[in-house]
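Just below sit the structures, each encoded as structure tokens.
Note that subunit A is present in both complexes that follow, paired respectively with subunit B and with subunit C.
Right after this comes the complex of A and B.
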């Protein structure tokens, strides 16, 4: 976990089994390992009321067998976060009191799943989160409002309007994105070198 | 006799300026020769005639031009005015507050007549005469917050109070000093202030939040904040930073007096009666350096404040490129004599 920077920057914890009627897990890539770690601390029968949504991304096939061995009531494997979000919306729209939500994996996955949960009226502080894997950022260009996915460099080029953006630590849960502000607005002839810093 | 509203612009040819009596009423924000953050909050009570505190919602000679500039900003970017769904009642509260205060302070320009829920609002400077039903959205051309803040100087943030915190859940923000409502909407008090340097460590925001959550209806409070702007541009939003940022490279020793402006925000804080939300008007006042130095005390003091400003604040306020030129220009107006305590001209 990188040093805590500013107060709008999300802070992630460690997943632990919560008291609840139903448990919804959303994970990408190495987030699967966090679910497996939680399983070691979970009471018997915990996963009988669990639904796992897993997006393997770069992790390939290495976690699916272990996750299925937990015997969740429902298991879903999706090809991308974007593809999984409509299913998540539907699941939350039909959810009842007593549902606990666990988000784990990349910062982009946690942020986007939390955004959907907030829209469904779930308080962000009631959601368990654990970061695993990539620190690549989703960045909203403050100028054109387009969101660029998987930003690893500082500065970064906006995929929509092409401005060179300083990626700030200022983060919006509502947008599930960090803020990008033109880095050479005052003098466009200044072109700072890009460095790979969000891995 | 009413206010003589100036025809002027805050973009393109930048014809904004202050007439002499408006220079004297400028809310100069420095009570001593140095500046550091403080929880400088005081009761928002009426002040002497000829100051910006004469009325609690101040209307001045720039009113009509500012409202025209706001309409242009909104036409280009409607995201500058947003209200989360639970904030409509607070919007009606704000409409009542602004209509009531403007009609009370400036009866020659604004008239509000109420007959139960049937209200008639006359805004003579903008040529508006509307009758509507208070609480009925279908009777206004915009939502209540947008309707009234298209007719009121300053930015407006409406803060919902819950869980011991304040949440930026609605706002009209077109004259901001470099922060984005679209990005910050929905954030709590600490989150939207997160990028501000130094003040968190000093406990400023913890104390300010405690004060603000205890504000009572009918007892508004206020504070002043400041920055600097090149050209009299109201819309210094981050959204348009790539358009106005290059202005900062255009300051030369010859144009400091006309181009460089001290920008003061009069922030006030009001409890709203029906929603229990807080409204936070952020009223922006601009003054050119050549106007500022017509008050010798302000010239000496601002020279000293700017010269001794901590580096973090220079950077955060975006003054880095042109500060040396401004200090140099102001030094001609500082003979080193002491300045009297307090904000007012000698």
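Right after this comes the complex of A and C.
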């Protein structure tokens, strides 16, 4: 867990079973392991009212069998976060109070699922989150407003306008993205070395 | 004066008997002009000068927040209370000048909510009168569930029903109508917030049931109607001011300090806001904690007291004040 630098930098916790009528888990890659860890602390029958949406990404096939063994009421495996989000939106639109939400995996997944949840009217403080796996960031370029996914370097090149961006810890829950600001606006010929720091 | 307790000089413009137990009071600014704006759920502290006694009681504003010409409050007569409500009922007449505080809101609507589920018991209806007016004006999505003893004592039940029709559901105890709480809680869309105001037992029941149904704490709002309770008189030493004071049977500790010329901070005078929290230097006796601010552990620690509602019985009490 990186040090908390500024207030908007998200902090993540450890998933724990909440009191609720239904439980919705959204995980990518190693996030699956956080669900398996929660299962060890969960009361009997907990997963009978659970719905797991899993996006394996780089994790391949290593977690599916274990997740299915939990016998969730519903299990969905999606090809990408982008493909899973409309499904999440739909699920939340039909849901009632008493549904508890658990987000785990990469920052990008947690952020984007959180964004959909906030739009559905869930308070961010009532959502359980746990970071697992990659620290790659979603970054919004403050100049062209384009969003670049999976940013691992500092500085990073904006995939839309090509500016070299300083990736800040300033985070927008509404956009589910970190802010990227041109690092060499004064002198574009000055090109700082890129370092891989968000792994 | 305490933070958030700037005073307003007002004149009573009307007193209306609503039913056997409840009277409504209208206030306008004595110097004319508009009163400060407020939001639904806000209360004012009304100062009652009763001979040499002075009482300050909080009452929810029940008029529409869209109207700042006058403020209205409703007071339920409590024959076994400390006399605040009896003073309002028996002595406050049209034309009288009074002092009230600026409004303070400790029970505000969370306007990010997709829907507001309001649950009232008895005189706990008053903050919802203002909140429903506010929500209706803004096209807000709400549903009000109101339990009262009998139709005759169903304060404003008819008004609310006329104003909001099916959005208002009323349950009468005398005909054994029950609020279907579990069913209500299980059928609300995601993003609903719950608000409850009424007797302590009802608030506890609603909060506990909501928690058991998986409603996050952030979505459950409540206001305790905790008027200070009378009790045995007791003596207190105020260490910082080097004063020895006595708290009368019908006085709160906060009122006794004020009578001694001390001006401790306060906001709600009902044990919920935390402003009046006071450290205990030493004691020999038992605390009668009546607040909803301190934790259970703090109540047992003997280190803190909320003088607006809590009392003490015993040999000695020294406060850091």
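In the analysis below, the second predicted complex is superposed on the first by the 199 of 199 C-alpha atoms of A that agree within 3 Å, B and C clash if a C-alpha of one lies under 4 Å from a C-alpha of the other, contacts with A are read in each partner's own complex, and residues count from 1 in each chain.
Going forward, a residue touches a chain if its C-beta (ideal position, glycine included) is under 8 Å from a C-beta of that chain, and two chains touch if they have at least 3 such contacts.
Values in this document were obtained by computation on a predicted structure and should not be read as measured data.
The partner of subunit A that touches more of its residues, comparing subunit B with subunit C, is B.
In the superposed model, A:89 makes contact with neither subunit B nor subunit C.
With both structures placed on the common chain, the touch criterion links A:181 to subunit B but leaves subunit C unconnected. Looking at the shared chain after the overlay, A:143 reaches subunit B, while subunit C stays out of its contact range.
Using the contact criterion defined above for the overlaid structures, shared-chain residue A:120 touches subunit C, although it does not reach subunit B. Of the two partner chains, subunit C is the only one touched by A:97; subunit B is not. Comparing which residues of subunit A touch subunit B with which touch subunit C, the overlap is empty.
Across the complex, subunit A is touched by residues 112-114, 185-192, 211-219 of subunit C. Only residues 6-9, 140, 142-143, 145, 163, 168-170, 172-175, 179, 181-182, 185-188 of subunit A touch subunit B when the two sit together in their complex. By the touch criterion stated above, subunit B contacts subunit A in their complex at residues 79, 180, 182-187, 190-195, 200, 238-242, 245-246, 248-249, 321. On subunit A, the positions that touch subunit C within their shared complex are 18-22, 92, 95-100, 120-123, 125-126.
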